[in-house]
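Note that chain A is present in both complexes that follow, paired respectively with chain B and with chain C.
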Partner chain A sequence: MELDPTETFRQEAADLLDSLETVLLDLGQTPQDRDLIDAAFRALHTIKGSGAMFGFDKVAAFTHDFETAFDLIRKGKIDANHDIVTVSLSARDYIRTLIEDPDSTDPIIGEAIVEELQRLIGGGASASRSQAAGTEAQSAAEPEAEEPAAAGWTIEIAFEPGILRNGTNPLALLDDLRSLGPCVVAADLGTVPELGALDPEACLISWAVTLESACNRDEIEDVFMFVRDEMKLVVTPLDARAPKFAALDMSMPDAVSRAGEGSTQAAMADAAAAAPPSTTRASLPAAAASPAPVAEKAELNRRGEDKGTTVRVQAERLDELMDRVGELVIAQARLSQIAHSGSDLAIKAIAEEIERLASGLRDSTMGVRMVPMGSLFGRFRRLVHDLSRDLGKPVDFVTVGEDTEMDKTMIERLADPLVHLIRNAIDHGIESAADRAQTAKSPTGRIELAARYVGAQVLVTVQDDGAGLNTARIRAKAEENGLIAPGAAMSEHDIHQFLFHPGFSTAKTISALSGRGVGMDVVKRTIEAMRGTIDLTTIPGHGSSVTLRLPLTLAIIDGLLIRVGEGRYIIPLSAVEECIELTAADEARAKGRSFLNVRGELVPFVRLRDLFDSEGEADPHQKVIVTSIGDTRVGLVVDQIIGSHQTVIKSLSKLHSDVTMFSGATILGDGSAALILDVAQLVTLGQSRAESDRTSEAA
Partner chain B sequence: MNQAQTQATPRDASSGLPPGNETRLQVLMVGLGNEIFAIETDMVREIIDPVPVTRVAGARSFLPALINVRGNVIPLADLRIRFGMQKTQATADTRIVVVEVEIDGDPVTLGLLADKVFEVTEVSSRQMQQTPRLGAHWKPEFIRFITKWNEEFVIVPEMARILG
Partner chain C sequence: MATILTVDDSPSVRQMIKLVLGPAGHAVVEAGDGSEGLAKAKAQSFDLVITDLNMPVMNGMQMIKALRALPSFVGVPIVFLTTESDDAVKQEAKAAGATGWITKPFKPEQLLAVVAKLVRA
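Our next item is the complex of A and B:
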C-alpha cells in the first residue's frame, strides 16, 4: 500500500497540530515553561518545513510568520501570556484550515491573526514572507547578543552510527551550516572500516567544520535541533586573532566557499566510495528537500521518547489482524475440542501449547489496538477553554487517568458523548461566577474528567462542582410533558432518568450549546450501543457526576455459553450476576407470573424457550441466569449452562437487522455459529412483562 | 453484466419484452422445488455442501438461520419460503450457494439453500420469454426475466428485491 505523500503530510500535520494545541493550552497555565515553548516551536518548525516540501506554500508562509513571532518567546525576549496563547490557538486553527480546506478561508484572516500576534509580541517579529517557505535556519535571523560575535566557529560533528536509519541526512545538515556562511568541511573517515566489514547503513564518518560567520551559537545549534540527542556537537569560537582557516592553506574568503563545497563533495565522494552506491545515491535526490523529513523523523522520535519508539499503522490493518486472530482463536478452540476427545497425549500437549500461544497472541493484538485515553482527553481541553471563555465562567479542567487504555474504536465512539457531557457540565452544572460568589465556592469552577479500570471495564467520569441537578424542576418538567402523573411517588434516581428521555430539557433558555434536549438521549444510546451503562449522581449544591461504564473492547468478550432447546447461545459475562436453579417450588409459586424470589427480592424472569419457540421438552432442572443492566435485573431461564467461552464477536448481517433479541454471533469450537443475547433488550422485555403482570394483578 | 442489468429494468421484466440488442448472461442453474432458477455467476462466490445451521429466533421466515462459512457468519436464505413453495427434506443433492448481493449500496454475503445445482451456462436475451402464468405467489417484481434452457422455463430472479 503506497501512501500518497501529501496524505502522509496531512496526517503528520494533524498530529503535530494536535500536540501543538496541547502544548499551547499547557503554556497558558505555565507560561514560563521552556520545554513547552521549545515543543511548540519545534512543531511549528516541522509543519513549516514539510509544508513547503509538499507544496503547501500558504501553510509554510503563514507558519513562518507564526514561528518568527514565537521565536521571540523562545529566546526569552517576551513572556508568553494568556492572550498570546489564545491568538496562537486561533493561528493553529487557521493552519489546520489551510491544510484541510484552503479554499474555505481568506488570507485576511491569516493576516489579522499575524497582526494580532505581532501586536501582542510587540512588533518585534517583522517577518518578510519572501524568505519564508521551507529554507531552514532563517528562523534564527534575529540578531542575538548573548555571546560576543565571533569571527567564526569550529564545529565538530559526530553522529551516532544509527542516525541514517532514522532518515537523517548528514549532508543536508552540512548544507544548512553552509547557508550560515562560508564553510570548510573536513570529513574524518578514521573509523570507517574496510569495505568487507562496512555496514552501509551506519554513519561512521564524523566532520570538522570551520565556519566563517558572525552568527551566534544558537543558530548553529538550531541546525542540529532535531538530531541533537543523537550526536556529539562541539561548537567552539574561532579565535578572531588566529589566521582564518589556519587548518587549511587557503586565504581568499570567496574561494573558501567554493572550496568548502568541494570538500563536502569530497567527503561525500569518500562516503560513496566506502558505502555501496545504492545507499548513498538514494540519499542524494532527497538532499535538497531533506531538512523537513529529517525534522519530522526526529520530532517523532522525540515525542516517542518517554513511551518508547512508536510506529504508525493504518487502522484497517489492525482490524484485519484482529480478524485473523479471531479466526485463529476459533480454530484453536476446535483443535482443543478434538484433542480432548481423543487419547493421543502428544496431540493434547500441542493443543495446549497452541491454546497458550493463541491466547497470548490475542492479548497482545488487543493490546496493540489499545490507545491511552489521554489522546481523547486532550481534545476536550480546547472545548473547555473555548466554552469557559464564551460563557464567561472560569473553569479549571482536570483530567485523571490519561494512561487508562481502551480499544481505539471505542475511544473514537466516546468522543461525541463526552462532548455533550462536558458541555452540559459547563453550561448547566457550573453556576455563573456571581452565583458562585454567593456560596462559599471558589469563583473558578472545576470539571474533572477521569478514567480508571474496574475489572474488565473502564469507568469514565465527568464531574462538576456546580449546583447539582434540580430534582424538583426535572419532576415538574416531566409532569408538564405528561411523562408522570402529578404527585406520583418516585425515587430521585428514577426522576433523574428522565434526563435521558428524548427531547427532555429543563434549561430555561436555549443556548447554542445545550438546552435543546437532544444530547443526553443520544449519549445514552451511544453508550448502550457500546455495551456500556451510564450512571448519574448528584449532590445539591455540590455538583453532579456522570459515570460511563464501558467494556475494554468490542472485538472479544467473555461469554457464558448456555443451551436452550437445541440451540446454544452466549450471554455476555459482564451482564451476568448469578446463576440459580429454578426449583419446582419456584415454578409453583410463580403460577404463571414471571417473578422470582431471589433472597427476598422480586426479579422478573423470561423463559428463553418461549421466546425462541424452542422445540422439544424442557430439561427437568431449569436454570435461571440473573442478568443486570444498570440497576434493573431480569432472570433468563435456560435448559443448561455449558460454561464460559471466549467469544469473538461477529456482527449480524444487514439482512438480520430486524432481529432484536441478539446483538451478534460467534463461532463455537465445533465450527457452528451461536447467537449472542442482547441482554439490554431482554431486560427491557422482562421489565415490560413484569409491568403488565403488575397492572393485570391490580385490575 | 452491467449491460444486462440496464436492459433488464423492472419494466422490461414485467412486460417480458426482449430488448433490441442481444445480451448474454452467464448463469448458474439452480433447482428449487419444481422450478429452475438462473443465478448470475457474477454474484456467486462458492457452492458448498450443507453445514450445521443456527436458527435465528425472531428473524423473517425466509432468513431462518445462520451458517459459518470459513469464519464468516452469514445468513442462510430459503427462497422456497419466500416464493411460497413446498418445503422439502434435504437430499444428497442439497447445496448452499454463497452469493454476494448489493442491498442499498452495501454488499451483503448470504447463503441460498438449493435443492439441486445443475451447471454454469449462458442465457441470452434472445431466449427471453413473455412471463407465463406462475401462480399467485409469484410477485412480478421478484423476477428479472424468464428465459429458456434445455426446453424448460427458467427464472432469472431479482435478488436484491427478493431479499429487501
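Our next item is the complex of A and C:
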C-alpha cells in the first residue's frame, strides 16, 4: 500500500518542527553554534520546498522569510540573538497550525510574526524580497521582447569539450530539437584530431541545425537550459539566414547528419571503453577491502546505529497488535489449562512450546510500544522557556535519562501531570531572582526532570532548587479548611499530603498559571489511574522534588488470582507484600475490629466477602493478602489464593465508570471474566475504616 | 526503464519522486543524505542521480563532487533539486559536475520531462 505523499509530508513536517524547536532552544543558549544554525536553515528549507510541492502554499510563503533570515545568519550577515530565536519559535508554532489546522489560523498573526522578524533583522530579508520581486517583474517582462514567429531557425551549437563527462548527451539534445519540428543536422568535424590524439571523453564536434518549426526562441533555448553556460548557441530566424548556407545543407543533408551522429556515438563508446564498467565493478570488492573505504563504511554503520532504522507505524495498528497478542495470551492460558489437566504428553509439550512463544511475542510487542522519554521531555523545554520568560525567572532546565523507555500510552498520559508539576516548580518552587540573591543562591533557578528504571518500574522526578514547601502555611490552610483539628499532631510528610487534596491551594495570589487549587489532586488521580504513586519531599530553603513511580506498561501485568465466594478476582502482584492465613486465633484476638498483627505491627484488614456481598459458605481457612501502596498497608481477606496469572488488562466499559473498587477486567483461561482489584482504593477504604475503628474505640 | 538514485533528506520528496518515476517504469533507489547516496552509488550502477543540495552529514554539492570522481560515474547524468532562483548555486553545482537541475516545487510532468531528457533507452 502506497502512502499518500501529503500525509508523509505532514508527518515529516511535524518531525521537522519538533527538531526545529529543539534546535532553536539550543540556539538560544549558544547563538554562535554553526551546526544549529545550519540545522535550523535546513529544516525551514525543507518545510518550504516540500510544502510548496504538496500544495501547502501558505506554509511555503510564510516560511520563506524565516528561511531567508537563517540563510543570512548562516552567511554571517546577521547574528542569531535571543529575540530572533523567540520570534522563530512563534513562527514554528504558526507553521504547525498552518499545516495541521489551517482553518484555525489567522493571517494577521502570521503577518505580525513576519513584521517582527523584519524589524529584528533590519533590511536583510526585505532586500531579498524586493530582489525576488524584481526577478518576477523581469520574467514577467520577458514575453514582451518575443520575436514574431518565424518559419524556422538555424541553430549553431558548439559545446565545451568537458560536457560528456558530466552526463550531458548531445545526441539527446539533438533529439529534443527534433521534437520541435523536422531538423536538418550538419556536424562539423573540423576540430576532431587524428585518432591517436583523440581524447574520447571530449566533445569536439559542433553542429549546425536547420529547424522547420513555428516555435519561438525560448523553446529552442530551453532545450539547452542545462548546458547554456557551457556552449556556444546561436539561434537565427530562418528568413535572415544567408542563402549560401541553405544550399550547402540541402546538398548533403542526411549523409552529414549521420556522419555526425556516428562519430559522436563512437566517441561515447570510446568514453565507455576508457572506463569499462566491468573493471569498475571488479575493482569494488578490492576497494572495499582497502583501509580507507572500510573506515568510511564503519563510519556509516556507526551513524546508522545512531539514527536507528525506523519504520513509522500508526498508533492504532500497534494497539491492535497488542490486543491480538492479549487474546493470544488468553487462548494460550486456556490451552495450558486443558493440556495440564489431561495426560497427553504430546499436547503438554505443544502447550509449553506455545506458552514460550506467546510470552516471547508478548515481550517483543511490548518492546515495540516502548518509546524513550526523551520525546516527552523535549516538549517541556519549550514550556520552561516560555514560563521563565513570562514569570521573569531565569531557569536552567536539565533533563536526565531521556533514553529511559516506557509504554507509549503511558508517556502520553504522563504529559499533562508533568506539565502541572513543572509549572508548579517554576511558579511556586523557584523564587524570584531578587529573593534568590538574598539567599546567596545563583540567580538562575534549576529544574531537573529525571527518569530512571527501578526494577519493573520507572521513577520520574521533577526537582527544583527553590524555597521548598512551607509546612506551616500548608498546615494553617488545612486547619482553615477544616481538614485537621487545630494543633493535631501530624508528621510533616502527612501535612504535605494535603497538597493533593481537591481544591487545596496555598498560593497567596492566583496567577494565570497555577494556584487555582486544581492540579495536584488531578495529577495524583491520573498517576494512580496509571497504577503509579506520587510522593513529595522537600528541604526548606533548598527546594522540593516530586517523584512519580510508574509501571513500565499498562497493557499486561502480573496478577495474583484469588477467589472470593463464587467470583474470581485479580490483585496486581506489584501491590502484594505477603500472603498469610487468618487463623481462628487471629479472629478471636481481633474482637470484631479489623486489625491483624503482622510481626508486631497492626495492619487493618478488609473482608472482601463482606465488601462484595458474597453468597455461599466462607472457606474455613481464610487467607489474608497483605497489600501496600506507598507506606500504607492493608490486608485483604479472601477465600482462596489460586496462583499467579499473566493478566491482559481490559478496561471497563463507560457504564462502569463509577465503579471505584475495580480498575479493569481480564479473561481467564477458561474464558470467564475476572475483575481486577484497584488496590489503591481498597487501601484507602481499609485505612478509613481503621480510622473509624480507632475513633469509636476512643469514644 | 532506468535505475535512478534519489538522494534527499526529506522522505516526502523521495516518496513523490518514487511515485512519479516508479509507474513510468524506472527503478528508484533512495538515500537520505549525501554520504548514504555515495555509498549506494559505489555499490551499484545508476543511469541517473537526482539529489537535493541542502542535506545533513554530506551535502549535495560534496556528493556530486565525490560521484564525479568515481570512474563509474563518467557520463552519468546528475540532476540537483533547488529552490534557489539565484544562479550562483547552479553555477557551483554545475562546476561540481552536475548535469542539470529541477526547481522545487516541481510538478510530476516536469520531473518526467527532465528524466526523459537525460535518460535514453
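The rule we apply is simple: the second predicted complex is superposed on the first by the 475 of 699 C-alpha atoms of A that agree within 3 Å, B and C clash if a C-alpha of one lies under 4 Å from a C-alpha of the other, contacts with A are read in each partner's own complex, and residues count from 1 in each chain.
Throughout what follows, a contact is a pair of C-beta atoms (placed from the backbone, for glycine too) under 8 Å apart; a residue touches a chain by one contact, two chains touch by 3 or more.
All values reported here derive from a predicted model rather than from experimental measurement.
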Partner chain(s) touched by A:Asp101 [first = chain B, second = chain C, both, neither]: neither
Contact breadth on chain A, by residue count: chain C or chain B: C
Partner chain in contact with A:Gly167 - chain B first, chain C second, else both or neither: second
Which of chain B and chain C A:Glu194 touches, first, second, both or neither: neither
Partner chain(s) touched by A:Phe9 [first = chain B, second = chain C, both, neither]: second
Chain B versus chain C as contact partner of A:Lys48, first or second or both or neither: second
Partner chain in contact with A:Ser653 - chain B first, chain C second, else both or neither: first
Chain C - residues contacting chain A, complex: 9-13, 15-16, 19, 35-36, 39, 42-43, 45, 54-57, 68, 70-72, 74-78, 81, 83, 85, 91, 94, 97-101, 104-106, 117-118, 120
Residue ranges of chain A touching chain C (in the complex, touch as defined): 2-3, 5, 8-9, 12, 38-39, 41-42, 45-46, 48-50, 52-54, 60, 132, 135, 164-169, 171-172, 175-176, 201, 225-226, 229-230, 268, 271-272, 274-275, 277, 279-281, 284, 287, 293, 296-297, 299-300, 303
Complex contacts: residues of chain B adjacent to chain A: 51-52, 54-60, 63, 66-68, 71-75, 77, 103-104, 106, 108-110, 163
In the complex with chain B, residue positions of chain A that touch it: 326-327, 330, 566-567, 611-613, 650, 652-656, 658-662, 665-667, 670-675
